[in-house]
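Note that subunit A is present in both complexes that follow, paired respectively with subunit B and with subunit C.
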Partner chain A sequence: MLRFLAKRLLVLLGTLLVSSFVIFSALFIAPGNPIATLSGGRALPHASIVVLERRYHLNEPFLQRYWDWLTGVLHGDLGVSITLHVNVATLIRLRIGTTFELVAYASVLIVLFGIGAGLLGALKPGLIDGGVIIGTTISAALPSFVAAVVLITVFAVNLGWFPAQYNGTGGLNQVWHLTLPAISLAIGSLALVARVTRAAVREEAGKEHVQTAVSRGIPGRLIVRRHVLRNAAIPITTIAGITIASLIAVDAVVETAFTLNGLGSYLVSSAQNKDFAVVQGICLVLVATFVVINTIVDILYALLDPRVKLGTRAG
Partner chain B sequence: MRISPALALSVAALALAAGCGKSASSGSSAAPPSTANLATTTPAPTNTYSGVVTWALYRETNSLDPIFAFDYPENTVIAALCDTVLRQSPTGVVGPGVASLHYDSPTKLVFTVRQGVTFWDGSPLTSADIVFSLQRQMDPKLGGFYQQVFNRVQSITANGPQQFTITLKQPDYWLAGELSSTPGFIVEKKFTEQQGKAYGTPGNHAMCSGPYKLKTWQTGNVLAVVPNTHYWDTSLQPKVKEIDFKGVPTDAAATSGLLTGEITGDIPLNISTLDQLKASPDLKVYLGSSYASDAFIVSNAKGPLADVRVRKALSLAIDRKGFINAVYKGAAQLPRTLTNTGTWGYGQSVFQNAWNQLPEPKQNIAEAKKLIQQAGATGKTITLGMSSQLNNINTEAVMFQSAGQQIGLNVKLHSVSAANYIDFFIDPKARAGIDGFFTVNYPDYADPAGLYATFVVPGGSQNYDNFSDPNITNLMETARTTANNNSRAKLIAQAQKLIMQELPWIPVALPDTILVMNKKITGPPPTFSYMFAPWLGKLGGTG
Partner chain C sequence: MSVAPPASGRMLRAGTRGIKGTGWVGGVCIGIIVIAGFVAVFGAALAPHDPNAVDLSNAFVGPTAGHPLGFDLNGRDLFSRLLVGARTSMIGPLVVVTISIVVGSLLAVASAWLGGAFDTVTSACMDVLFAFPGILLAVLTAAVFGASLTAAAVALSVAYTPYVARVLRGAALRERTQQYIAALEVQGLSGFAICARHLVPNVAKLIVAQGTVLFGYAMVDLAAISFIGLGVQPPQPDWGVMVAEGETGVLQGYPAESLCAGAAIMIVVIAVNVLGERLIDKAQGGSR
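Our next item is the complex of A and B:
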């Protein structure tokens, strides 16, 4: 286990290094000007532009700038935002909580309702299964930003049950504020998890050993738990892991729609402003999270199925 | 021009919001363009508003340092927090602020500083603070955005705690206006020197003397201000407990926030859901005067648009009424001039007469076609810089394209991403091969000359095609050195007449200031002065 984790740590560092270089290059090549965001779309005096370009080293060659940034990071300095003149670590610290709470909330919804609906659909053919199929088809076709607009219109503007925007003040108030965002974030992935669960459970339920168990008169509940779910767990874990990891990328849309103070929406605006240090810093956090979630999924495989050796992919 | 962050998202969400809205009307059936009947006041508050006022900005504030304040979010907040040397009234009249001005001679401006003005920390505001603040604006090493404004200043010196003198190289009667605007914001010398580069950054790094003081600024979350109970101007004692300024990037979010009461006030530049807001029983929408102009900038000195007949033809061919209804939902005037009627901060009757004498622009395709033929420009190609991600710019560009094609021009659109649209303004390489692009622009104070000077005079910061007409230059220069307000206005009006014949920019619309407030609050004037003057100090609750 330790060796596995050490290996994963190395992979993480390698991934971070490569992705930071790729992101930095992409941002460098992309047209645009970080100074633009300071001027609000009117012409800035040339003298000011020259001073600002020097201050933020915007005219230095690419490798020099990347090297400066990298050595800074190795010394624990993520750099300074061009637009706000604030340390990137501080900017990330102020926003990371919202994003993680939102993603965690959405993940809970996906796991509970996704797997729940899938099980229901698989085990209760007929009307309920039909309902699950129709429901998941609709929700799978609903992009997060559409869901956000619909939810805001219905539950915030018309019914007034939930707030339309902003973070809460912590505790239950925060949960209340994040409910609509979490639903709009979860809704598409939820359908995917439900469909995969349904298919996996159906397949397992049709297998010989399950049929044998049924013919031996073992109670249905026990069969589902021991023989069906246990075997169906691998594909379900895979799809849940992937969708949850990808939520981190999708949440920018939801954060913007609900004016939440999170990393995703900040990443988008920073990338548009070419605020290099901020984009790099946030991407490092996201890439690290992605790798960590995948590691957790791998560990889960081994726990769920003793036949899977730690570090190898489940079949 | 406003470039909002996360635009791709906002455009998508916006289209949806319009679709889901109750009364989002289509362009053609909306109200006709507004006339000059614009509000200048809102009812005075009757009591203190007990909740927290949430004021929306189109994005988060980036800095509280006036030398880097160049856009709506920064200006709105700094104007509530800081005093200017002179002050603009809600209708743009420049008068005494923290100091009053006396011209000893055309090149010697003597300022007397008001007694009893203090910063939030209680220390008195003296001429040393003002001299420091102005010299900071001028300092080329700091890279502030307003250095050019001071290009006729020889020296600024304090003559004692309550007096200072500005000596000019040449007379400059535009400087007073600038001192009532962003370049004139005063920061505390001692505090600012201690802070160094940290001044104006998130946290608690600002020290001013305005009607509000900074409570906290947590980037990404909230910038909170509370009333400054020691403010020297007792007519500006806010009747609120706190204002939270928040960035709300999309029309959809601003609309739902206003409708649910989560946002209590907003001054959107234009908003696609204006009719929906007007229809809400909880909201009050005011249309007031503005300094802003929506126009097409001719940036190429060589192409077909170098011929004034082609510029005139294009101006005749565009459907301004349709555009005003589609983008501004009627909240804009048809432009008889390139500057807004709200910029008449002096010489009003002179400017009003000049306005009356100029024709209201009318679409006339036949006439335009004739001009194109006379110019021999039929079939020639012009390329317009635009961004299909920016809804308004996109609508505007398509309108110009269809107008151009109707009169025999070949119009190409060169689209860039929303974030890169700014490059047309600041990067000559981005302008290569482009004949012009679109802007919403405004002067820093209520004077048409403040905007004209940037694009009709050689060397102006927005004179991209090196436009030059000796008569116009001469009139502008004479105006700058003329002391009498009406005489100066007459010179600008004369220059304006020539500008409207030459069309270095093609006017499209003169947008109004849109002030949207929850009915629980009232007080501030619905005019462009919110960008530069402390009129948010009038905010309070209703009975």
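Our next item is the complex of A and C:
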């Protein structure tokens, strides 16, 4: 187990290092010189160009530049926004809370309703199961931004129950503001989790040891809890983890749809304004989070299923 | 072993045979996809009005004679914009699927066949690409090269390739251990010939199924990228762009544009997803 953990952590470090290198090099793949990319095509006074050159070590060899940049990043120095003249790290710190709250809210919805709907479908065949199948087919195909538009139309504009835009002021008000965004963010992944849960529970319920338990007259609830859910928990945890990690990318779309002031919408507007340092910084944070969550899922998977040969993930 | 028919013919038959077994639901899905494809090709000719003709006096006007869906915030005919918008909305995902399937399959088959260092290096590269969610890579690309459908499509193709490669590498490895492959090797056929004429056609069903499923994902992701303004650029009509442009109307109680474009995306994605799921079931259940 320790060897497995050490290997996973090593892979994690390697992936982080290489992906940071990819994000760093993006600046130099761009057509034209790096200064033009960094300035987003704006005309800069000579003094600023000198500052940028020194800051990004543009006069040094490529790998040296990367190394200097990386040590800067590890010390929390993500560069300076070309439009706001503020440290990128500060700009990120101001917005990361909203994004975290939104993703956490959506994750809770996914776990509660995704697994709930999957269980319902698996254990109550017939009409209810049919409903779950149709519901998940539709919501799996419902893009987050279309869900956003539908939710705003129904619950914000027509019914007036929830706000259609902007962050809340903290506490319950923030929860109230984030409800529609969280549902939009969760709805597609929720369907996926429900589908996997349904399939896993049905598969386990059909196994011989469960049939034996039924024939021994053990009450249904107990069978589900002891024999079905325990085994089904493995694929369910994996898919829940993977879909929650994938929210990190979709978050940008949902934040834009609801004009929330979080990392995702800021990433999008910075890409539109060609504020390269900000794009680089936020990408770095998001990719790192994504990779770390995926590693945690991998480790959880191995912990949950001792039969799994450590080091390989099925499927 | 008798002479195998040309690989392309077998690929095609694997596709059509797979589609035949998907039942009436599959038939409906294929019908929807064919109609969407037809509109994507001939949308501009079918559109009753100029999709970009602005008439502010018609802003947010509902359906009238000759304008079955009414007008958008600039008084442009919604139905025409929907028809013309099918082109970028359908061709974008098609490009993504084509690139990622071709590159992913090539890498997968080469990895499975050659093994060794090539396999290790390819797998390592794919693992790094897994670290970049498609939309994030597209945003990064847009920041570097400027926002366009091409940039978004290329970024998504790169992001999807590892998924294709991983699934197909497994399938190709399973196929590689089959006896008929060993028999062909003994006969002295080159590795390339065996892969091109026997191995790839035998995993063709899975490739087709994988491509179908990816089309749905690509369509949603590309529309999302256009929605956040980093894909297709207005005033070019595109379903993702239309959902975004309609947001002003949504907040004022005129959700027609956003909802129509959103519904168009969803109908095609549902059809593609349902068909893809059936094809995958068949490809996995029917594999020998």
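Definition applied: the second predicted complex is superposed on the first by the 238 of 315 C-alpha atoms of A that agree within 3 Å, B and C clash if a C-alpha of one lies under 4 Å from a C-alpha of the other, contacts with A are read in each partner's own complex, and residues count from 1 in each chain.
The rule is simple: a contact is a pair of C-beta atoms (placed from the backbone, for glycine too) under 8 Å apart; a residue touches a chain by one contact, two chains touch by 3 or more.
Fair warning: this is a prediction, and the values are worked out from it, not measured in the lab.
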Touching partner for A:6 - first (subunit B), second (subunit C), both, neither: neither
Which of subunit B and subunit C A:108 touches, first, second, both or neither: neither
Contacts of A:146 with subunit B and subunit C, given as first, second, both or neither: both
First, second, both or neither for A:35, with subunit B first and subunit C second: first
Which superposed partner A:83 touches (first subunit B, second subunit C, both, neither): first
Touching partner for A:137 - first (subunit B), second (subunit C), both, neither: second
Partner chain(s) touched by A:18 [first = subunit B, second = subunit C, both, neither]: second
Partner chain in contact with A:253 - subunit B first, subunit C second, else both or neither: both
Contacts of A:296 with subunit B and subunit C, given as first, second, both or neither: neither
Subunit A positions touched by subunit B in one structure and by subunit C in the second: 31, 37, 145-146, 149-150, 152-153, 157, 164-165, 252-253, 256-257, 268, 272, 274
Residues on subunit A engaged by subunit B in the complex (per definition of touch): 31-33, 35-45, 47-52, 55, 83-86, 91, 94-95, 145-146, 148-150, 152-153, 156-157, 160, 163-167, 252-253, 256-259, 261, 265-266, 268-269, 272-274
Footprint of subunit A on subunit B - complex, ascending: 1-3, 5-7, 9-10, 12-13, 16-17, 20, 59, 62-63, 68, 70-72, 74, 140-148, 197-198, 200-203, 218-221, 246-250, 252-253, 256-257, 259-260, 262-263, 416-423, 425-427, 439-441, 454, 461-462
Residues of subunit C that touch subunit A when the two form their complex: 127-128, 130-136, 139-140, 142-145, 147, 216, 220, 223-224, 227-230, 240, 243-244, 246-247, 250-251, 253, 255, 258-259, 262, 265-266, 269-270, 273-274
Partner subunit C, residues of subunit A touching it in the complex: 11, 15, 18-19, 22-23, 26-27, 29-31, 37, 137-138, 140-146, 149-150, 152-153, 157-158, 164-165, 246, 248-250, 252-253, 256-257, 267-268, 270-272, 274, 276, 279, 283, 286-287, 290-291, 294
